[in-house]
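Here the chain labels run A, B, C, D and E in written order, and each chain numbers its own residues starting at 1.
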Amino acid sequence: MKIRHVNAGVFTAVEDLELTLTPPAEGFYWIDADAEDLALLQPAFALHDLAVEDCLTEEEQRPKIEIYDNHYFIVVNSIRFDDEEIFLRALSVFLGRHYIITVTKQKISELRAIKPILWEQEVNEPDRFLYLLIDLVVDNYFLVGDRIEDKIEKLEEDILVHTKRSHLNEIIGLRSEILWLKKMLGPQKEVINILNKKDLRLIDDQLQKYFSDIYENAVKISENFDTFRELMGNLREAYQSSIANRANEIMRVFTAITTIFIPLTLITGIYGMNFDNMPELHGRYSYFIVIGIMITLGFGMFYIFRKKDWI
Amino acid sequence: MKIRHVNAGVFTAVEDLELTLTPPAEGFYWIDADAEDLALLQPAFALHDLAVEDCLTEEEQRPKIEIYDNHYFIVVNSIRFDDEEIFLRALSVFLGRHYIITVTKQKISELRAIKPILWEQEVNEPDRFLYLLIDLVVDNYFLVGDRIEDKIEKLEEDILVHTKRSHLNEIIGLRSEILWLKKMLGPQKEVINILNKKDLRLIDDQLQKYFSDIYENAVKISENFDTFRELMGNLREAYQSSIANRANEIMRVFTAITTIFIPLTLITGIYGMNFDNMPELHGRYSYFIVIGIMITLGFGMFYIFRKKDWI
Amino acid sequence: MKIRHVNAGVFTAVEDLELTLTPPAEGFYWIDADAEDLALLQPAFALHDLAVEDCLTEEEQRPKIEIYDNHYFIVVNSIRFDDEEIFLRALSVFLGRHYIITVTKQKISELRAIKPILWEQEVNEPDRFLYLLIDLVVDNYFLVGDRIEDKIEKLEEDILVHTKRSHLNEIIGLRSEILWLKKMLGPQKEVINILNKKDLRLIDDQLQKYFSDIYENAVKISENFDTFRELMGNLREAYQSSIANRANEIMRVFTAITTIFIPLTLITGIYGMNFDNMPELHGRYSYFIVIGIMITLGFGMFYIFRKKDWI
Amino acid sequence: MKIRHVNAGVFTAVEDLELTLTPPAEGFYWIDADAEDLALLQPAFALHDLAVEDCLTEEEQRPKIEIYDNHYFIVVNSIRFDDEEIFLRALSVFLGRHYIITVTKQKISELRAIKPILWEQEVNEPDRFLYLLIDLVVDNYFLVGDRIEDKIEKLEEDILVHTKRSHLNEIIGLRSEILWLKKMLGPQKEVINILNKKDLRLIDDQLQKYFSDIYENAVKISENFDTFRELMGNLREAYQSSIANRANEIMRVFTAITTIFIPLTLITGIYGMNFDNMPELHGRYSYFIVIGIMITLGFGMFYIFRKKDWI
Amino acid sequence: MKIRHVNAGVFTAVEDLELTLTPPAEGFYWIDADAEDLALLQPAFALHDLAVEDCLTEEEQRPKIEIYDNHYFIVVNSIRFDDEEIFLRALSVFLGRHYIITVTKQKISELRAIKPILWEQEVNEPDRFLYLLIDLVVDNYFLVGDRIEDKIEKLEEDILVHTKRSHLNEIIGLRSEILWLKKMLGPQKEVINILNKKDLRLIDDQLQKYFSDIYENAVKISENFDTFRELMGNLREAYQSSIANRANEIMRVFTAITTIFIPLTLITGIYGMNFDNMPELHGRYSYFIVIGIMITLGFGMFYIFRKKDWI
């Protein structure tokens, strides 16, 4: 747990938790805690039981906001990229009149990135801190959109160039990833909407127009998911068409083989007939001539089909 | 029948129906009735015959509003989820100057959920009660959208992974469910629009802007149905393509079998010819050698096709 | 021909056509005429020749508005439902300074429905009468949208469940109906737009904002036709895919039959070979054994294919 | 070349070109010229070389506007319908402070249609003349949209009812026509936008809002081209699906023929086997019985397939 | 390196770099540099290291803006067409209070085209110069849209008329080109947005509304990419359908060949049967008659199929 007194963007480390319980003359306290610290913080700041429970759970958290009497509890999901993979890390925030408590289980880059911004903008209030933090978190979401779009584009090109059955699994995997992200990020919009619209005691009225800026961004992001759905539809179609065309090609080869053998079979049929008078049957080399003709005919047809690019 | 006097969100139970016939000094009366109570309520409040008839019918009710001289009659459909199933329960409301009568056949959760809200907002007028009630009802509709979308997504994935003929029934069932919901929930929008736009005597002008908020939500919900239609189109396409591809696979197996047997048949044809001079025919083991060649050739082709992933 | 003096929504029957030629002290005259009455009305009100001609024609009328010196001529199409069928009935209106003449060939329900509305709103001017009449007419158009959408949905379900060739005719019939409605109802929008925008002498400026309300409705209706086009595209696709899949099924049966017979043919080929040494040929029951094997094999394959749901 | 002095919409023929070189006391001069007259007009009004060159070229002209020091040069394409065909006729306009010169190679109906409008609106300035002329030209474009849409709808119906290979040429022809129209009419929007937005010396500020009305129309027309693209996509899809289904039908007939002959071939195979003990072979009428059975079987299968509507 | 003093759009060549380090009495300095000149310019103007590094890199540059203390660094991509090919050339700009430095590796036509505009508009400030330069650059982007659309349309027509396998490569090539352009041009929008929205010291507030004009254009261009995606989807579908139809045609020929030979094979089967009593076998010319019948039958079927346009 790190406690800092923030005044006009200037940080002062605070050792004693007791100090933070009373409002400072100027600025506010920022307590950067992990899950274990909550045992200490809960009684001190009278944090709500349900909120603390949410911070401690091992499950994935969907974004939410809870309005309690003397503090608000907000959960947002921060995004982290690791190679191709997208990870979500829940960031829980308790916003009070003179303090802000951030609770995280793993390091969240936005908490580091926010420091110079606080300094630059000479931030003095915890609600403004909250706004800047959510702004940073939501800005990263746009990167997700680009990643997903890149993945879809790449997969579509793969499918066009050479379809494999395993592409279906990739499509389904990508679909699940998109649905998961939609579930985990989508409600963010509602959280920001509440911060934006509702007449909240702990959020300064001046800040609301800023929140409406983030809200617009969140709406844009959620519109991305419509684009993804469309792209995934294209992908599915491209895959199914490719599979059908590939199946057709195989069928064509099979049918070509049959087509080459059928006339040969007819010839054998002809010389298998039992007519009394069939002069060819009695020639010394007839059999070999006919076999020769059949081989010529077979390879001839094969050659023609090949040349016409039919096989 | 439960009668309550509501004053600034505070409830007082009222025993005597007679009392509710005259306006109270402050607040209003809320009568929570079931269908049978209407026999008593109709003469007392001069409720319109057609409205009472609508309350008593066993049929599904589409949302509507009827403007009578001294009261309005509103029907909305409340949603309840039971496992995967969605149920609708009609909620009929008579709104008068100093009273509101809610008529239900089954328990409706919104009628329980509204009590703390009334208290919090110190509600004092029956029209405001109506607004809050419809707000609760409409808010639940958004959950329907998520459920339906989930069902569609799940079905699409099922179809992609392994298409079955029974999926067609599921698609058709889902379509009917969506159309039914559209029919039962869609007109809600019009009802709210009337409450929102028309110059109504019993609705306070201040409330209209709130109703326009619900109206926006109702419009969003009805836009969901456009999304569903698009999704169902995708689903149908995915199903038909999958069925076609599956049919292709079976055809491929059939054709492969034919393709393997055709060259063998040619060989039998060759040795069924009646040429005088066919030296192979007279070898002692010729027959067995040819049979061996045929078996080798057949399995050879099968092995090659398999290896090329053609069967 | 029925002549009425309308004053603040109150109707008084007028017997003498002469009276209507001069403006009344208050209110206006409404002349409800049929085509034959025009012989009398044209000279009396100096109605324009072309307009009267349009009223008398037997052809379908597209909506239009003509601005003449002392009167306007408006044609709108009223909708009537008869079972599944949609009928259009032209309603021609001559709007003058102190009179309105409605000309119809068949009964139009809107002309009956307008009476209580005139009374309720205490209508006193012919242009307001016109507005209310067009409002009624356009409101009915929304019902058309629902009907068409229902028909499309029903047809799509039919196609999905069991495609028949006759569905193509239904699709084409539905397309023609939609195109016909689009042609007959679409220009309504332009007519209302002219009433809405142009600075017209006979239309009170106050009324313009009401006309812009109807205009919005007319625009919504014409947007419906875009939806229909999309739905019809889906329908066509569903039909063509179903037909293709059905054709595939038949092909599969044909191919299955061939596939069952080909191995049997091979067996007959084998025992039709002319090798000197084929011991099986000389067994007493060989023939019957081979026939038995062939029957077993044939039914065996049939049974396997059936079990795998391939036929 | 016809020269007219226009004053409050009243036309006076002017014989002497010299007169038009100095501004009239009131109104303006309209010179209706053809390409040859430019030899006279160019030196008199100091028209720009490049502009005159554009008027004289035989090539199709894309809409454009050129701003010169003392006059503007505008090219728009007027539309004319001849049966099914759409023709474009370039209309070049030189707009000066006190004159407007219209240059055409062929008769353009808008130049006739504009006269009563000038009179009605008592037009007194050349820029207003220009506005009304472009308004007329652009209004006609809407008719193009209807024509093209009709053609597409008709072709789609043709394709659905009975697909022919020649339909592909019609689709490609229609595509080219749409692309050509898009190229020739699309830039009109930019021309009007310049007249609408730019601070032009020769265009009265009051007129700008009128130009913004035409601009809106031009935008609507260019949106039509998006609709056409979508419709053409549907058309292509309908055609390709139909062709595929037609190919399937032919395949089905071929496959049916094969399917009928295969079992008969099996029978001949059976009686072609060389078993010593095949009692049927020795019956007097066996051969004829077998041939009879084969014929019966063949026609029987044909009948069954036909009855099942498989062929 | 060319140094010019720009005052009210008038250019004066400046020889001495030293002069440019102090603000001129009026106007500003424009330094048109190439990469090597940066060695001199960096220390003189205290240009930021990272920015200079970006100018020197050989890699493609994505558009960006960097805000440094005393200058801004902006990279935009200028477009150049060479035949069918589209080339991008990075244009780096350093904007200071009294100077603007443009750094290019190759000639950029916009830097020539801007001179008359500066003169016409009597430009006096470096930020206005920047605005006009970016305006020119972005205006050219619209041409890209047309080119790409033309390419897509042409390819689609080619595919419809005669599909070749090589079209797939063209589709994939076009897709890559579009994705590349999207990556290289898309972020321009964000750059302009920052110039447009952020409260920047070096950009005059008056200019912001102009930047919002360019921003709108940039948004339109990025919407083009959505259109391209849709068009490419159509293209892919057209290609896959065409390939499928072409495969069907080949299959049809194969199947037709089989269908012609199967009945002939049946005939040989019949006369290969070993019945004792088969009178035809013993005719002198029977064999030749049967061969004749078979030839007639074969060509007859071929002729019929051809006539029915089945092959």
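In the analysis below, a contact is a pair of C-beta atoms (placed from the backbone, for glycine too) under 8 Å apart; a residue touches a chain by one contact, two chains touch by 3 or more.
These numbers come from a predicted model, not from an experiment.
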{"item": "Residue-number overlap at the subunit B/subunit C interface, same or different (half cut)", "value": "different"}
{"item": "Turn needed to bring subunit B onto subunit D - CA fit, degrees, nearest 5", "value": "145"}
{"item": "Subunit A and subunit D, separation of their C-alpha mean positions in angstrom", "value": "43"}
{"item": "Mean-CA-position distance for subunit E and subunit D (Å)", "value": "27"}
{"item": "Residue numbers of subunit C (touch at least two other chains)", "value": "237, 241, 244, 248, 251, 255, 258, 262, 265, 269, 272-274, 278"}
{"item": "Arrangement of touching chains [line / ring / star / complete / other]", "value": "ring"}
{"item": "Successive chains around the closed ring, taking subunit B as origin and subunit C next", "value": "B, C, D, E, A"}
{"item": "Subunit D residues touching subunit C - in the complex, by the definition given at the top", "value": "153, 157, 160-161, 231, 234, 237-238, 241-242, 244-245, 248-249, 251-252, 255-256, 258-259, 262-263, 265-266, 269-270, 272-278, 310"}
{"item": "Subunit B residues touching subunit C - in the complex, by the definition given at the top", "value": "168, 171-172, 175-176, 179, 229, 233, 236-237, 240-241, 243-244, 247-248, 250-251, 253-255, 257-258, 261-262, 264-265, 267-269, 271-274, 278, 280-287, 290-291, 294"}
